[in-house]
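Structures for review follow.
Note that chain A is present in both complexes that follow, paired respectively with chain B and with chain C.
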Partner chain A sequence: MNMQTTSRLTAAETALVEAFGAQIGELPGNGAVIGTRDRLLDDLKKSGLPTRRIEAWHYTDLKNLLRILPDAATVSAIDPAAPLVEGSKVLSILQGTADAKAAVDGVEIALFRDRLADGSAAAGLTALDKDDAIGRINGSFVRDGYAIAVPANTELDAPIELQALHGAGQVHTRFPVSFGAASKATIIERHRSVAEGSALVSSISDIALEDGADITWIILQQQAAEDTHLGQIRVKLGTDAKLRLFVINAGGKLVRQELRIDVAGEGAELTLRGVNLLGGESHTDVTLVLGHNVPNTNSTEIIRNVVFDRANGVFQGMIRVAPDAQKTDAKMSCNTLLLTDDGGFSAKPELEIFADDVVCGHGATVADIESSHLFYLMARGVPENKARAMLVKAFVAEIVEELEEEKLVEALEGVISAWLEKHA
Partner chain B sequence: MAAVQETIDQVRLIDVDQYKYGFETVIEVDKAPKGLSEDIIRFISAKKQEPEWMLEWRLDAYRRWLTMEEPTWARVEYPKIDFNDLYYYAAPKSSAGPKSLEEVDPELLRVYEKLGIPLREQEILAGVETPRVAVDAVFDSVSVVTTFKKELQKAGVIFMSISEAIREHPELIKKYLGSVVPTSDNFYATLNAAVFTDGSFVFVPKGVRCPMELSTYFRINEKNTGQFERTLIIVEEGAYVSYLEGCTAPQRDENQLHAAVVELIALDDAEIKYSTVQNWYPGDAQGKGGIYNFVTKRGDCRGARSKISWTQVETGSAITWKYPSCILRGDDSRGEFYSIAVSNGYQQIDSGTKMIHLGKNTSSRIISKGISAGNSNNTYRGQVSINRRASNARNFTNCDSLLIGDQCGAHTVPYIDVKNASAQIEHEATTSKISEDQKFYVMQRGIPEEEAIALIVNGFVKDVIQQLPMEFAVEAQKLIGISLEGSVG
Partner chain C sequence: MLEIKNLHARIAEDGTEIIRGLSLTVKAGEIAAIMGPNGSGKSTLSYILSGRQDYEVTEGDILYNGESILELDPAERASKGIFLAFQYPLEIPGVATMQFLKVAMNEQRKARGEAELTTPDFIRRVKDAADKLKIDQAMLRRPLNVGFSGGEKKRAEILQMALLEPKLCILDETDSGLDIDALKIVADGVNALKSPDRATIVITHYQRLLDYIVPDTVHVLYKGQIIRSGDKALALELEENGYADIIGEAA
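And then the complex of A and B:
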């Protein structure tokens, strides 16, 4: 490798470069893929990890926050776990390796490592823009995942669970998923630590909804308190497509979750809901870039955050309405319960609007629990700590309840309750 | 679309083609050579008969400025400014400072008359029941005449040009100048510190309620002169002042640079109300020419229970880069920001505010209304920051944008940083054109469409217009347009 010393690299940057050097021989991929990986790593090396001087990373100075990387050579042995919702079809990725025998009736499933090997994954490996550090890291190191295609007019009766379990070490996965016209499905993407030690996980889901597809996609991040999670969801919505995207963060020490959504078909509808449960010393950043790029599309986004301990939370939400995207209706809200003076929350809800016949708005609030609500419960004999817990839970559970599928709601409420019991 | 026709017309009224104040006055001008260097700064300082420490202050700023880079984060685009191709000093030629209006060049007075500035005392006095306004007029770079100075002196209020203040009240200048906007604050503020030529100075002593509204009219006249004013307002314990700033500039082909710094200091229980109407030349219909306006305005609520309120009506300038801010340092202090920003043609506005909550029980309120038309871009950029120790802080922010036409852009970029659990922060923003629902609601009560729209547009900016002092509300209405004026008035 031709090392360029344009700027001094941090320990983490050096570790990435060295890990790449050490792995390049065994990373899956044909010539085109290796070429792309080289370019991505080279870009990463030149620009370094992003700092707060880069607007998209204003609140998450990755160069500063990501100091030490877990050893890429660590391999943890992991066993599959029970699915979140009983009856789901599980596609497991254990320590970053997909299961060659995985199959779901009526759905085309391929191993992403095979796509890398035959080169068909090369085009999708590129970064989205010059500030796309996650795209660069993942594109350089990705080893496996599933490429899934749900055929047109297919309705899946059980959810598919992408079960990514890991222990210490590094895991880089990718999930290109396409939903055919008028298909209907629920996908649960789960990132979970099941063994001791810290891990670096980067994961990109590249989701395309064709005309009229109706999809529920749930991301549940439950990594360990020492882990880093760099997630990116790329979404493209076709005509009349409907996506309900739920993002739940309940773990990790350094979390950046990017949602890059392209509403590209007329009549498309996006429902985004987020729950961020933040505790300990964690730093969690959810960044949304939502483009309404054609006329007559709708979206609503509601993000609820609960901040305990010394945690820091970030929500950046950009709604961009293209010049021709008349009749866009987009509403975003970000509500935060800040329950500590040692932590903090930063919100940057942005609107960028180039069409005139639109209705766009955003709201953001940050506050402690409303004292009148507390009083109401305490006046009825509920002790204060219990009353607070009830109110906090209600604040986030409300979001999950929108899912309607009973089993799913129950399971997610279980996750929320368990987290709150541990942290509140 | 009929719904927006009226607003379009009203915005067009202030459009460049009809730029009412686009005339040029030919007066003898005393100018420094083009360019910027230590020598030019020495020249400016000598011209102003400044003491040695002031020159050092300027030179220090200049040396810092040389190491700084122009900020690029704002949503504005313009060709690179050649800072060495500007005149940094232009003064209307007049012998030792005029003592009365009679001594002032009559051509200059005619300019003000065209602008409708109540410069002549008798005119103001003649105004029935209108509160009197003291004017410190800035013609290009030098404060020409200050009216009402004597009367203000009786109340103990000092209102003079900053160059005079440097000579006459060096102790106040040394203590306060640069204490809110430090010389190293940002590229343009540092440039201003090095080369500022004039501006206003206000000092309201303890317990005094300033007996009249104070006002400065800024006007850029000479070709290729940057105008760098510096305003410093100090309001002591329990005192109050309302300050008005209005700006017009003649029509020009080339872009002119304007980089002002305004510093406000409010001590315990003091209150400052600062209002601006800015209608500088926005460039022609093709986006040629116009003023570049890079302004740093900041108020420091230094004392407990102090209050600073910014109100601005921005209709002019090719580029506006301006974020009047409040540092809420004193406990129980209050900051307010009310803004109407109208952009048309190829104007680019990137404006907003910062509310920095440091003290306990501080509160702030932000109301911003943007109207974009033509090919313009109108951005609200604001920050609300709650320090870890700022318990019980309260903020309410509301930014609304109205779009007229499909070639313009409206953007909202708020930053909200909260580090204290007892804070209560609310932010809301909307962007839309006039909704059919609203129109329907009003019309079904028997109000004709035209009136219904007038009512809605009126309602859109009402919150801000209400904050303006009477004299300014009138000018603001003139600027925003006939229909709006009719419905607001």
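And then the complex of A and C:
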């Protein structure tokens, strides 16, 4: 049975297996890490990449969509870029390699490759479940990243930017980050292609907010038009912790962003916002699995999508409310501006509620630009193409404007404007 | 300035005819009031003049300064100086009011081959016009019309009109939803723009607004046609007797 499955490996699956073989003895890790990597790769080999028959991957048939893998070892010299927000502390990861000299005052920073070498990273390398292809790929191949600990009662006065820049090739990074009790910080996780050629990027951020931590985490994905980006963020929220998680997709050919969130402390609050700017022939999937696992927590999720050209988008939003998670308040919405006849967007909200005293709701809309809004702007002399651009931008900028930091709002609006100028 | 000739127009989607042979001439410097009962086609006329695509003109023509504007889109008409103050100004989340004003002013200037405004010049103009209309600066920092009260929205429309300096102003039920103080402010704003080279069409249901914006001519619209024209005495007559008599005469 296994042999039969193995014999049906696709070119991309075979390439993954071969890449792993080629890197044996070279990937960082002690015995425990190597053992975990072997198991993950073996599981990947047995099950293959997920297909549409796996429910979690129904709208993103990875086996079909990921046809060819770029070569594993293409490294060109890459320089760090200016941070998205002026004054940020930059921790750069260039072509998958972290900077040994990186430091931020008052924050403990270790290189993930050292954590692999001493084996302390082994326990966290596991996949979350049998369908966790991203966990398997990343766990098998990850080389570096940063392990960050913000101590309790620390308030960072400038954002930390995790600046992952790469050219062609394969890049696998990991960021375990813990925020101590009552700490306050803004983290910008930025993935960006800076050179020609296609890349396969996987990146997992494993973040824990201890009691009362108050954190803004931005994921900004700006990969190149031929890149595959497989992202995952694993979040655990402690008592009274507050997380504002913004995910902005503005690039890539094949993108999957998984958000696995465990609301584990009473009084915790999650604000999730997503902006998907979709153009060209791209396929972009944002998949949320959110567990409200204790009483008295709340969350809001708003995803805004703009679809041009032949792009396709997916949002899967699963909210699970555990049996004793009374007084959960969760509201999810997914709104799409479909500006083309050739593209599409699939929204699949799911609520699994096992408690009886909760407020949960969801809604999804797909529409073109509101003609009355267009008329209003044009009636003031704004030409049609410009009026359309203003309305498209407004549709997504509204989400970004919820952020309190003015410089961050400006920077993200700049990213949105630049993307729209290129694609609209 | 404006000459509407035997205009017939219908709703594009379902073909319902709303304007049925309407003729009207408005001269430069004139304030023309259009009155009529609900459903007579007043708002539709304002939309057709400003170029809304939900309506189709099936017969007749609209001449503006001697040229037909039927083929022009709303933005082209606006840059030629046609302005509609909406009965229900739209809330547009995510579009900052100041940015919108700047884009609108500069796009119109560009279309007319004029230089764009500098930022200080733009800000000064907005501040001056806003002060006159008692518009709070905080309101201008909000997204366009979002969270404005009914009165604030109407004042914001007049602010746009003052800044864009149109030649043909169309006010659609500008008095609806205004208390008497707000009505006076809005009327003062409109009267301040009165000039020999500018015409104004005031669409209204009630005579009340015409106490503050005094019309030169008054036209009664019913079932898509002008059934009676006169001077401001006609508005007073309507106030006294209602529309029934005039409609009865026309029928």
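Annotations for the structure displayed:
Criterion: the second predicted complex is superposed on the first by the 417 of 424 C-alpha atoms of A that agree within 3 Å, B and C clash if a C-alpha of one lies under 4 Å from a C-alpha of the other, contacts with A are read in each partner's own complex, and residues count from 1 in each chain.
The criterion applied here is as follows: contacts are C-beta pairs under 8 Å (C-beta built on N, C-alpha and C of every residue); 3 or more make two chains touch, one makes a residue touch a chain.
Just so it is clear, the structure is predicted and the values come from calculations on it, not from any experiment.
In the superposition on chain A, A:Pro323 makes contact with chain B only, not with chain C. Once the two complexes are overlaid on the shared chain, A:Lys386 sits against chain C while remaining clear of chain B.
Residue by residue along chain A, chain B and chain C are tallied for touches, and B comes out ahead.
Comparing the two interfaces of chain A, the one with chain B and the one with chain C have no residue in common. In the complex of the two chains, the chain A residues touching chain B come out as 55, 58, 323-324, 326, 336, 338-341, 343-368.
Across the interface of their complex, chain C is touched by residues 371-373, 375-384, 386-387, 390-391, 393-398, 401 of chain A. Against chain A, in their complex, chain C makes its touches with residues 50-54, 73-75, 77-79, 83-84, 86, 89-90, 92-95, 100, 103-104, 107-108, 111, 143, 160, 164. Residues of chain B touching chain A in their complex: 4, 73, 386, 388, 391, 401, 403-433, 435.
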